[in-house]
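Two complexes come next, and they have one chain in common, chain A, joined by chain B in the first and chain C in the second.
Up next, the complex of A and B:
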């Protein structure tokens, strides 16, 4: 379907579908790079006293793996799917500002190229960890130019995402087709609306922090090298962005899970209105929990307690979201297709990742777990589990829409099984490495961490290739050239059912099953 | 395989997003490794923006009217204006974060120089009045064109630019050299760091605003605005007022307390 376009047409496109595809391809490209870096770390940690990577190289690998995965893979993969799907779901011809959309994409691509390029500069790239903590991020402790360039690349990405959020917010508010009222707005579009609202809130403060950091490194100001609160200032600015970023990454995945569950259980979303309210509650509360990343920095005791409470509070609506998703399956006629399997796996991982995370809301436990592999296990269950599985489910689910081809279902199920098993072998041992610090490049044989670390490395060599197989499955199915029907899942949303050859009419906007009326029906069922 | 829809979209294709993004990336790379690359990036971006301006005058990318749209709750706000407001929200968050960061470092510092002894309040006050007046002329520009008075628009935009240039000249030409002579240099500690970075970023916003008003003036002299068609005057005006309001926070924080 996309063979017919020349290179020039790809480079100059302002069409939301093709920009979406560019986003997806680029994010997968960075996924492969960042995944390879993760594998390098696992090789290094497979046995005690390894010298596969020296400490400085290991630090760079940790930093780039974290930055790339969170900001250049998971966030844009969601944005890519949103680019393709949201205008179709809401009945818009394109995003509100097509050229701005193209500019967002190209700045994203170039910022990633700059970041990866830092390793080729003399003295290498950033080695501060993805959190770029001060004063490690200052010119005194990381003098290499690669670190400065990485900070600028991050700033450029912040600009790119801010442009995208301006575009999506305007589009969803202003470009809905007649009849696509707020109550009818599909749940994936709702999730993108929340994502972009949060992105608008989170990325500008990051940009501000990066501006101060750049001026420290280039002009010689002393914001973060100051001994009078400089490093805490960075913590505040960074985590004010950093915690909402978790939800920016996970919301599109939740939206995809909701769509997939509704389609493959043939059920409306359980308590749709409350689901949306819970979404909004998480969005709002996520702006007020950032300090739980800073419990061990010596913050004031009252502040610490307040943020402990908000952190517990946010878990309530969030669990409500998960519960709503699970109850959508109740009494459903479930078809276990590949996207469905990935979404069920995502629910499993979000439960485990969520429970292990909420324990950190208690400052006493946070003091114990802070900076250990327990925390690494927690956020990989949420990031690599829920988010990546959810986004892969989205790729499978919309693949027939995007390429007009069906993927190989058997192959997809096999790769799902391998990746789920590999994922758990990789990350479950982390929950037992309670005393292993998270950023060490090697450990001694006396520590007793060797066998669990070896297990994790075995898992990495199952999980990594399984993700590659998933990507291969999608590519092979696209090249096979066997067209499929236009709505193979019998889904009800407009991206499948809408007739985009002419202008949309109100009658095309689905009222079942994803509508308030049918939601009421379901309530009676449950009673 | 191409359908009619995608054929018509080719008219809307543009190299400019790619070139602007590449230019900015080159600019950043140059900042770190080799300054001439920075200059090259700057030139590329400027040329690309000129092309965008040309596309704008030809209305190549004008919004196509969608069939019928659901507009609740913002029935009377145009897409451009909503986009601008969302952009201003992101700007508010940037300056908000910076101002909070400034308050934070100041509160946490053991000592801080007395504002009125470091900074020239008289010059700061003059600049405040200049910027406030420029907001007034910008509003008058909008009222002029609403009444169809193109000559009034020209005068008002011209005086806004003059006032903006006066602001920058006083700041960069008189204040900063005097401060630097007194040893208040950018790397002399937190008071200077915060002052130069915050007011510097604000000055950059003023400069961008001046370029935008310059664009309005060129369009005015080409007869681009009428009493019914003047969205750009209103939107760039909004941005200009925002820049003024930021100064209303910076002035007391740095010059008075």
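Up next, the complex of A and C:
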């Protein structure tokens, strides 16, 4: 009796909607764990010379917070919404390979539980930071078995995401309904297409690096412990994955912002074709910027300068994307609903996170930024700001579709205000902690970092609970059991309007078996 | 105690201020426009029924080209400015005019070796108003030799010598200048405490210190 389905049906489902829901629930579960870890760090750093966590515990908390947030929360939360929405948007029966989809999900769940579990092993889990730099990641410097198991967990996640990317690419390319041309393809589906294309190329280098690292740790090879370039080899493999991963994380959020802006401004996307071309340009260029993470490794300076130029080049189409979204609001009829507010906040954070990123693209400037809280501020503005706000907007926006319920709008607006204020109190001080090294477990009172760190901790205690309130709002609205109308936003994309049995209000796309009624949780749907 | 900013920090600050000014202006324009649109075009009660535009927007490339050109011009000029600044740090003056110090990072301290073979653990003494070349490597894991007061940083990587040069400022009446070298790469449980003071001395005082150290090193190695 779980929303009309038996437990067995949930465990064995291959339906894209139910797997999407499983993805969302699991990602929110990991969000709460990783968020709690973040709060532990802020408690530790609230005042100088604290001993709430010892350095080894703190290192594990840092590592797990980073890995979980990026790979087990933000990426799968986007994938969960995509699972639910993309087939509906493009008029497909289901994903192209439903069983592969279920395999992706269960592999993801298992890998996440495995990673969190490593902490409870004797000597703890990985303690190297999420970048797992060599040779700190080798058996000589982190001998605990938990660190080896964490590599297995990461490898399983790479497998899971690669399977999902093949599935989504095939679905979007081959399973679109008749009449759903590339020009008509909704922007969220475009963003998922780009995300998955990027994932297909980004995760194999990670898998290769992890395989070599496992070989080092288990078989005694010396790929990464070698002084003949072992460290640099890991840097290259990791960031060849790591930089595209940043875009994998942020693209679904951009797609959601576009959908939400179009719906609540009642406007088509500003210069849609150019928007898609810019999107593709960002996708392509993001494969060629990874060495901007290596400006201080002492690699040939002209090579680094070339990567500085590619990084600056990517900012041009990206700026086009942001401007396209902002100009979509021009002369619209704007309703400031909760998803709309979260998306406006996400544009603010992506702009600030983006321009601070551009400053880091100049090697000379980056010598100072590298490894400091400035960088932490920059990527939290992009990830915790743009991506998380965008995904929360997506949850609110598609909540009536997924559950047939409307969340409480006033409550949602209040939690929005709290989270936005808390977010900025938490992360804005980081831009002024320019000389504070990342991943230090405490600092002395002489450093002068105490007051800004205290501000950040106060912000964390505002932002964290606000995210919990957002989740509560969604859960409460579901339990209240007051059905809402099928298209409460008057949105125009297929997932809302695709009344396949009758008239189509805004498009000429023909009917498919994936009827909108089946999207309600209570109803049975396609096998 | 007022310490003069090292020359590399002054250059860095100038470039940063320029770039940050452009960045803040760009953010203000984008976010300002968004908030303006969101307020100006918000739906009001009693407005006549709005028939939203259906279908796809027309593509007019002009705006996109204007914005792209503008940002390319800005970014190119900043790149040139950044590149002109670089030689001070990455391509320091010739070795003959500089003091070369070999830095070896360990878990969790820095070891400094001077041209005459003197080595010193945990603190770096240098003469004032002089070009210093740090030749940085690591003995175990990857560290980062960061001298934030000079706005420079270089990774300490096992098996690799990375070079970074700075010019120390004149003393300007102070008896010595104090800066801090910190490790900026996660290197294990002692990462938090991996600091080393950088102490700038008057050249004669520095030479005296160096001579004293020859004696200290020889007794300690003879004893050991």
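As a convention for this text, the second predicted complex is superposed on the first by the 498 of 527 C-alpha atoms of A that agree within 3 Å, B and C clash if a C-alpha of one lies under 4 Å from a C-alpha of the other, contacts with A are read in each partner's own complex, and residues count from 1 in each chain.
Here is the rule we use: contacts are C-beta pairs under 8 Å (C-beta built on N, C-alpha and C of every residue); 3 or more make two chains touch, one makes a residue touch a chain.
The model shown is predicted, which means the values in this text are computed figures rather than measured ones.
Of the two partner chains, chain C is the only one touched by A:141; chain B is not. By the touch criterion defined above, A:170 reaches chain B but does not reach chain C. In the superposition on chain A, A:200 makes contact with chain B only, not with chain C. When the two complexes are overlaid on their common chain A, residue A:92 makes contact with chain B while staying clear of chain C.
When the two structures are aligned on the shared chain, A:12 is found in touch with chain B, with no touch to chain C. When both complexes are overlaid on chain A, the residue A:120 reaches neither chain B nor chain C. Judged by the touch definition given at the top, the superposed model places A:226 against both chain B and chain C.
Overlap of the chain B and chain C interfaces on chain A comprises residues 226, 228-230. If you check the complex, the residues on chain A that touch chain B are 1, 3-5, 9, 11-15, 92-93, 96-100, 102-103, 105-107, 109-111, 113-114, 117, 121, 145, 148-149, 152-153, 155-156, 162, 165-167, 169-170, 173-182, 200-201, 203-205, 207-209, 211-212, 215-216, 218-223, 226, 228-230, 233, 236-237, 240, 500-501, 503-504. Interface residues of chain B, counted against chain A in their complex, comprise 1-2, 5-6, 9-10, 12-18, 20-22, 24-25, 28-29, 31-33, 52, 61, 63-64, 66-72, 74, 77, 79, 82-83, 86-87, 89-91, 93-98, 101, 104-105, 108-110, 186-187, 189-190, 192-194, 196-197, 201. Of all residues in chain C, those touching chain A in their complex are 12, 15-16, 19-20, 23-24, 26-27, 30-31, 33-35, 37-38, 41-43, 47, 50, 52-57, 59-61, 63-64, 67-68, 71-72, 75, 78-79, 82-83, 85-86, 89-91, 107, 140-142, 144, 146, 148, 151-155, 157-160, 162-163, 182-192. Residue ranges of chain A in contact with chain C, taken from their complex: 55-56, 59, 62, 127-129, 131, 133-136, 141-142, 183-184, 226-232, 265-274, 278, 296-298, 301, 305, 308-309, 312, 315-317, 319-320, 322-323, 326-327, 329-336, 340, 344, 347-348, 351-352, 355-356, 358-359, 362-365, 367-368, 370-372, 434-435, 437-443, 490, 492, 506.
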